[in-house]
Amino acid sequence: MDGTVPERRTRPYDALRPVSFERHYTRYAEGSVLAVLGETRVLCTATVEDRVPLFLRGTDQGWITAEYAMLPRSTDRRTQRASRSGISGRSAEIQRLIGRALRISVDLHRLGPRTVTIDCDVLQADGGTRVASVNGGYVALVDALRTLRDGGAFGALPLVSCVSAISAGIVGGVACLDLDSAEDRAASADVNVVADHADRFVEIQGTGEEAPFSRSEADRIFDLCLKGCREIRERQLSALALSEEERAPLVF
Amino acid sequence: MDGTVPERRTRPYDALRPVSFERHYTRYAEGSVLAVLGETRVLCTATVEDRVPLFLRGTDQGWITAEYAMLPRSTDRRTQRASRSGISGRSAEIQRLIGRALRISVDLHRLGPRTVTIDCDVLQADGGTRVASVNGGYVALVDALRTLRDGGAFGALPLVSCVSAISAGIVGGVACLDLDSAEDRAASADVNVVADHADRFVEIQGTGEEAPFSRSEADRIFDLCLKGCREIRERQLSALALSEEERAPLVF
Amino acid sequence: MDGTVPERRTRPYDALRPVSFERHYTRYAEGSVLAVLGETRVLCTATVEDRVPLFLRGTDQGWITAEYAMLPRSTDRRTQRASRSGISGRSAEIQRLIGRALRISVDLHRLGPRTVTIDCDVLQADGGTRVASVNGGYVALVDALRTLRDGGAFGALPLVSCVSAISAGIVGGVACLDLDSAEDRAASADVNVVADHADRFVEIQGTGEEAPFSRSEADRIFDLCLKGCREIRERQLSALALSEEERAPLVF
Amino acid sequence: MDGTVPERRTRPYDALRPVSFERHYTRYAEGSVLAVLGETRVLCTATVEDRVPLFLRGTDQGWITAEYAMLPRSTDRRTQRASRSGISGRSAEIQRLIGRALRISVDLHRLGPRTVTIDCDVLQADGGTRVASVNGGYVALVDALRTLRDGGAFGALPLVSCVSAISAGIVGGVACLDLDSAEDRAASADVNVVADHADRFVEIQGTGEEAPFSRSEADRIFDLCLKGCREIRERQLSALALSEEERAPLVF
Amino acid sequence: MDGTVPERRTRPYDALRPVSFERHYTRYAEGSVLAVLGETRVLCTATVEDRVPLFLRGTDQGWITAEYAMLPRSTDRRTQRASRSGISGRSAEIQRLIGRALRISVDLHRLGPRTVTIDCDVLQADGGTRVASVNGGYVALVDALRTLRDGGAFGALPLVSCVSAISAGIVGGVACLDLDSAEDRAASADVNVVADHADRFVEIQGTGEEAPFSRSEADRIFDLCLKGCREIRERQLSALALSEEERAPLVF
Amino acid sequence: MDGTVPERRTRPYDALRPVSFERHYTRYAEGSVLAVLGETRVLCTATVEDRVPLFLRGTDQGWITAEYAMLPRSTDRRTQRASRSGISGRSAEIQRLIGRALRISVDLHRLGPRTVTIDCDVLQADGGTRVASVNGGYVALVDALRTLRDGGAFGALPLVSCVSAISAGIVGGVACLDLDSAEDRAASADVNVVADHADRFVEIQGTGEEAPFSRSEADRIFDLCLKGCREIRERQLSALALSEEERAPLVF
C-alpha cells in the first residue's frame, strides 16, 4: 500500500511542500530569517549577547538557546498569549528541541563566552512549525556567526554541522513526508526528525498517540525524513550562499 | 524657529514617513493587516469570538479589546518575553489605549454579543508602534466586521467612526510630526493623538519627561497631529476600499 | 454653553473640591503625606534607598519611581488585591505617570546614587486618585529631600520644578474642573494634566471614550486644568512652608 | 522576678498601650475601623458580598474570611508589595489566624449565603499588628452585620461571641503584656492569644525561637493575655455601643 | 564492536537493572505503585475524578493525564521546587510523554466521563525516571480501572493495550540498554522508547546532543529498547496478576 | 469526664500512635528520614549548601530552613500541586513552624556559613503531618550535622537542644493525645506543641475554631503534649543512636 497518495494530498507522498528562507527579514537582529514551509511561516531571529548562563560561568564555553511562541492568531482559533497562561508544555518541549538541535551545529568552545538566542515566532501555522523553526533557526544562527566573525570574534566560523529537520507520518496507512495540519490531524503516527549533514540523527520525536506504529512503518518514516532533511539542507545552504571556506568544516 | 527641519531628518517637519496597510497578511484571522510606518512594522489581527467579558453578561452589548506585544528582537536590543517577566507597564498602557480608541469606532450594541480582539504584534520597531497599532488595528477591525456581515451577523457595518493615530514632538526646539526612534530619543516632548473622522480627539497622551512644553508648543503639536491623522485616514480608507454604503455612517 | 454648572454639582464649573495635604501622616517614611481632594484620600510616602536601578549602575544619577495601589475597599465595590490578580493595566499606567511626573521636578544628578520610591496607596477613592497621588507625592518627595539634606547628602535641595496635577472633563456639555467619580462616570471626556511651576505641560492624558472632543473643547479643558494646577500648587507650597532658600530654584 | 518592669518600658508590665477604635473611618465599606494600639494603626474594613466560596455552594451557610497586608512603608524599612513578591508566608499565616478567629464569633448559618471579607491593611506597624487586626476586624464585622440587619437580611445580629486578641512575651526575664516592636525584638518568647467573651482560648500562637519558655512562664503569659483581652473587649464594646438587644447573645 | 560491555557497567550491555512494582504503596489513591528501576524509585498514584477537561465537555469520552515532579533531594544536588521556579521545561516535556503513552492503553469512550490523573513523584533519581514513570503509571492505572469496575462503572476493564518503556544509548561506542545516570552522562546518544504489547512504537524520544547517531546505531538501539520493553511488560503483568478475563483485550 | 476514651479510638486517651524513624531512606541527601506516625508518613531530607540567605551575608552565622509539601494524593482527595496553585497559606504556615522549631536546636554560629534545608514531603497524611515533619526533620538534621562533622566542618556537633512535637485536642469533651485525621475533624480544639529536651515550649499553635477551650482544658492539653513530646524524644534519640559525646550538649 506504500506509495499510494492520500486523496486530499496533491503532491507525491515523498514530496516536501514549497520551502524557502528569506534572510534579513527584520533589520536589528544579528540573524533574521522568515522560514516558509507550505503555508507555515516562522520568523527566526538570532541575538548575540556577551554573557553565558549561570552554569557556564567560569568556563570558556558559549551557549545557544531557543524560545518558541505562536502569535495568538497564527492558528485557526485564537490561543491565549503565554504572558497570560504561562508557557505551555508544548512550547516548552519545542523550544528545548530547537535549542538542543542547534547546539550540535556549533563548536561552543570556539564560540566563546557568548549566548546566541534563537527566537522562533510563528506568524502562521499549518503544520511543521517546530521543524520550520529548526531549519530557519539554523540559517539565522549562521548569519549571526558571520556577524560575529566580521566583528573579529573569531577567524573561521565555529560551525561543525548543518542541521535540518522535517516531519513524516502515517496518513491513511501511507507513510507521507511533511504533513500539513489537516494531514497531521488525520495521521496515526507523527515523527519529527532532525538530521546533520551526514544523515545522522540529531533528534527523533515520534508519537503514535492515535495508533502505535510498527518497526517497519518506523523504517519507512525514517527513510522519508532523511530524504526530506537532505532536500531542506540544500535549500538552507543555497539560501546561505556559503563560501568554500565557510562550508569546509561541514565536510560534504 | 518653527518649520526648521532638524539636521538628521530628511523629510519636512510636517511629513509622515511612508505609510501602508497590507490586508490579508495572514490567512486565519477575520482581519489581518501589516501596518507599516517607516521602518516600523506591526502585525494586527482581529479575532471574533461569540462571548463577552463577565461585566457585559446579560446585556446585548459586544466588546472590543486589544493586546500589544513586541517580538523579542523587534528592537535594537533583545527584550525578554512577557511570558518570563510579566506584561510590562508600558505594554499594559499601550494595549489599554488601543482598546479604548477602537471601541469608539463601533456601535457596540449593534455589534451584538461578540468580542473582537485586536492583537498587535510588533515585528520591527522604529518609533510609533502604538500609533501604527491603532491604525492597523482599525483596518483589521473593519475587515472582521465585514466577515461578520457577510456571515449574516448584521446588515450594515456597525461602524460609527474612523480612528487614526499619530505622534509628534519637539526635536531641537522644532515641533515635528511622526518621530522615528532616533528622533524620539532626542525629543523633549512626545505626544500621541488619536482622532476620529471629524478631527476630534479620541485620545491624547503627551509627556514632557525631558522638558515640559508650553501651551503654544502644545498647540503646534496638536495641529501637526490632526494633520497627520487626516493623512493616515486617507491611507486607511484607501486600503479598505470602502463602498459607498460602508462609508455612509462615517459621514464625511 | 460654557460656564453653566451641571445640576448635581454644587460648586462652580471651575472650582476645585477641598484640597489639603497632611504631612508626617505616618512616622517611619522619609516623607509621608495624606493627600485629600474632596472625598478622595491617598497616603503618599517617600522612601529613600542607597541604590539605583540596574540601568543606572555606573552613572552618578539617582532615580525616582512610584507605585500605586487602591486598598480593596477604597471604592464602592471591593476590588481584588494585586497580590491575587496581578497589577492591573490601570495601576501600571497610573504609577508610570506618577513616576515620570515627579522625576521632572528633581535634578537626578544632584540627587546622587539614590532611589526615592513614592508609594501612593488610595484609602478612599472618589475620582482624581491619580492627580491626588502626583500632588501628595510631590509634597512627600520634598520632605524626603529635606531629610537627605539634613543628613548631609547635599547642600541645597536638588529641586528644579514644582509639579501639580488635576483633571477636567466635559459633563453635560460643560467643561468642568476636578471631577468626582459620579461626574467622571457622566463625563464624555476626561483629561488629566500635570503642570510645572511655569504652567507648562509635564503630562497630558486625555480620553474621549464616551464621545470624542473637539479642538475648542480641548482648549477650554486645558485652560481649566492649568488654572486648577496653579491653585493646587499654592496649597502644596503652603503645606510645605518652603523657606526662601528652598524656593529659589523654582524661580517663581 | 515577675512584676519587675524592664528598663525601657515606661508603663507597668501588665499594662496595655493606648487602645482605640475609630469607626466609619472610610465611607464605602459596610464596616470600616481604624484600630490603634500604641503606635500601631490598622485599617480594618468589612465587605459583604452575596456569594460563598466554592466549598459552601449548596449549603445555607455563610463565610467570613480575612486578608492582611502591610503598606510598603508602614515599617522602618520599606518592604516590597505582595503584588511583586507574592504573599509572604508571614502574611498568609496572619490572615488565616484573623479569619479563623472572627468566624467563631458568628453563627454562619444565620449569616446566610454571604461572605464577609475583612481587609486588614497596616498603615503603621509598631508591634501587635495581628492582634490589632483581630480586634479592629471584630468591630468592623459587627458594623457590617448591623448594615445587613438594617437592610432586612436577618432580625437579631447572628453574633455568638466577642473576640479579642493581645500578645505577651518574656522581656529581660519578665512576662510583659502587649509588646511594641522594640520589646518584641528583645523578647525571648512571644505569644499571641485570641479569647472569647468567656475568657476561653480561641487561638494561641506562641513561639520561643530565641529561647524556649517553661510551663510556669507560659502560665504567667496566659494570665496576662487573658487580662489584656478583657480590657480590649471593654474598649471594643464601648466603641460599638451595643444595645441591650445586640449584646444579649454574648451572654455576659 | 557491538556487544562489548563498557568497563564500569557490571551487567551485560542488553540487561535491565532490577525492576519491581510495589502495588498499594500508599492507601488513599485508587492506584498506588512504587516503581523501582535500579536505584531509581518513582511513586505513581492514579486518581479518578468524575469530571473531564473543558475540551471534552459534552462528549462521552474520558481522559487520562499525568503530572511529573522530582522531590527536591531525589538527586545528587538539591533542585528548587516547581512551586518556586515554575514547572521546568523538562518536567513539562516528561509529563506530556507519560500522558500520551498511557492514553493509548485505554478505550477513552468506555472509560466514560472521568479523568484519571497519574502523579509520578520521583523519590530517588538514578536515570530512567521518565520510563519508570510510564511503567509504574501503567500499573497504577490498571489498579484504578479495577477500582472503577468493582464500583460498577463498567463491566470489563476498558484496556486496549499494555504500555512499557525503557531507554537505551551509545556508551563508549556500544549500544547499551537501560542507562543509569552515570552512563547517561557518558552517553553520546540517549533514546527513550514506549512500546505496546505488540512491540509497536507508542513514543520515541531520541537525542544525540553529544554526538549524532547513524541509522545503523539507531537500529541497534531500537532492537535493545523493544527487548527491554518486552521484559518490563512481563514484570508489569506479573505484578498486576491479571486474570484471564482482564488480559483478554490485550490479545497476546 | 476526663480520661474517658472516645468510642472510635482504640488506644488510651494519652497514648501515641506507633512512631518510627527510618534513617537513610533515600541515598543522596546528607540526612534522609521516613517519619512514621500511625498512618502518616513524611519523607524528611536535609540538604547542606555552602551559602547563607541574603540577610546573613557578612555574618559568620549559618541558617536552617524548611519546606513542606503534600504529594497530590497523600490525602483522601487529590489536591493540586503548589506549582499550579501557588504555595497554600497552610503550607506556608507549616514550613515556617518547622524552620523556627529546628533552628532552636542548633548553635547557628558554630554551624558556620552554611544553610541546611529540611524538605518535608508528605507521602501519606492521616493527621499530624506537621509534627511528624518536625520530629523527622530533627533526625535528618542531626544526620546532616554528622556528615558535616565527619567532613571536618567542626569538631563536636553544634547541637544545643532536642526538638520534638505532637498534637492534642478535645474530642467528645475528652482531651486526647495525637489525633488522627478522623479525630481531628471531630475535635473542638486542636493544639500543636513543640518542646525541647527540658520540657520547655518551643512553639504552641492552638486553635478552637469549632469551640473555644477553657484555661483548664488548655492545661490538660499541655500536660498531654509534653508527655507525648517526651515519648517522641526517646524514639528520636534511640533512632539516632547518639554517642555519649554527641548527647552531652543536650544535658539530660
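Chains: A, B, C, D, E and F, in written order; residue numbering restarts at 1 for each.
The rule is simple: a residue touches a chain if its C-beta (ideal position, glycine included) is under 8 Å from a C-beta of that chain, and two chains touch if they have at least 3 such contacts.
Predicted model, so just to flag it, every value in this text is computed and none were measured.
Shared contact partners of subunit E and subunit F, listed by label: none present.
Least step count on the touch graph, subunit A to subunit D: 3. Of all residue numbers used where subunit D meets subunit F, over half belong to both copies. The two sides are thus made of the same residues.
Subunit E has its Cα centroid 52 Å from the Cα centroid of subunit D.
Between subunit B and subunit F, the centres computed from C-alpha atoms are 60 Å apart.
Our note on geometry: subunit A versus subunit E, Cα centroid distance of 28 Å, whole angstroms. Counting only residues that touch two or more partner chains, subunit E has 86-87. Viewed as a contact network, the protein chains form a single closed ring in which every chain touches exactly two others.
Each chain touches its two ring neighbours, and walking from subunit A in the direction of subunit B yields A, B, C, D, F, E. Residues 86-90, 92-93, 95-96, 100, 103-104, 161, 189, 191, 195-196, 198-209, 212-215, 218, 222, 226 of subunit F are the ones that touch subunit D when the two sit in their complex. Remark: subunit C residues 26-29, 32, 39, 41, 43, 45, 47, 49, 67, 69, 71-76, 78, 81-83, 86-87, 117, 119, 121, 123-124 touch subunit D in the complex.
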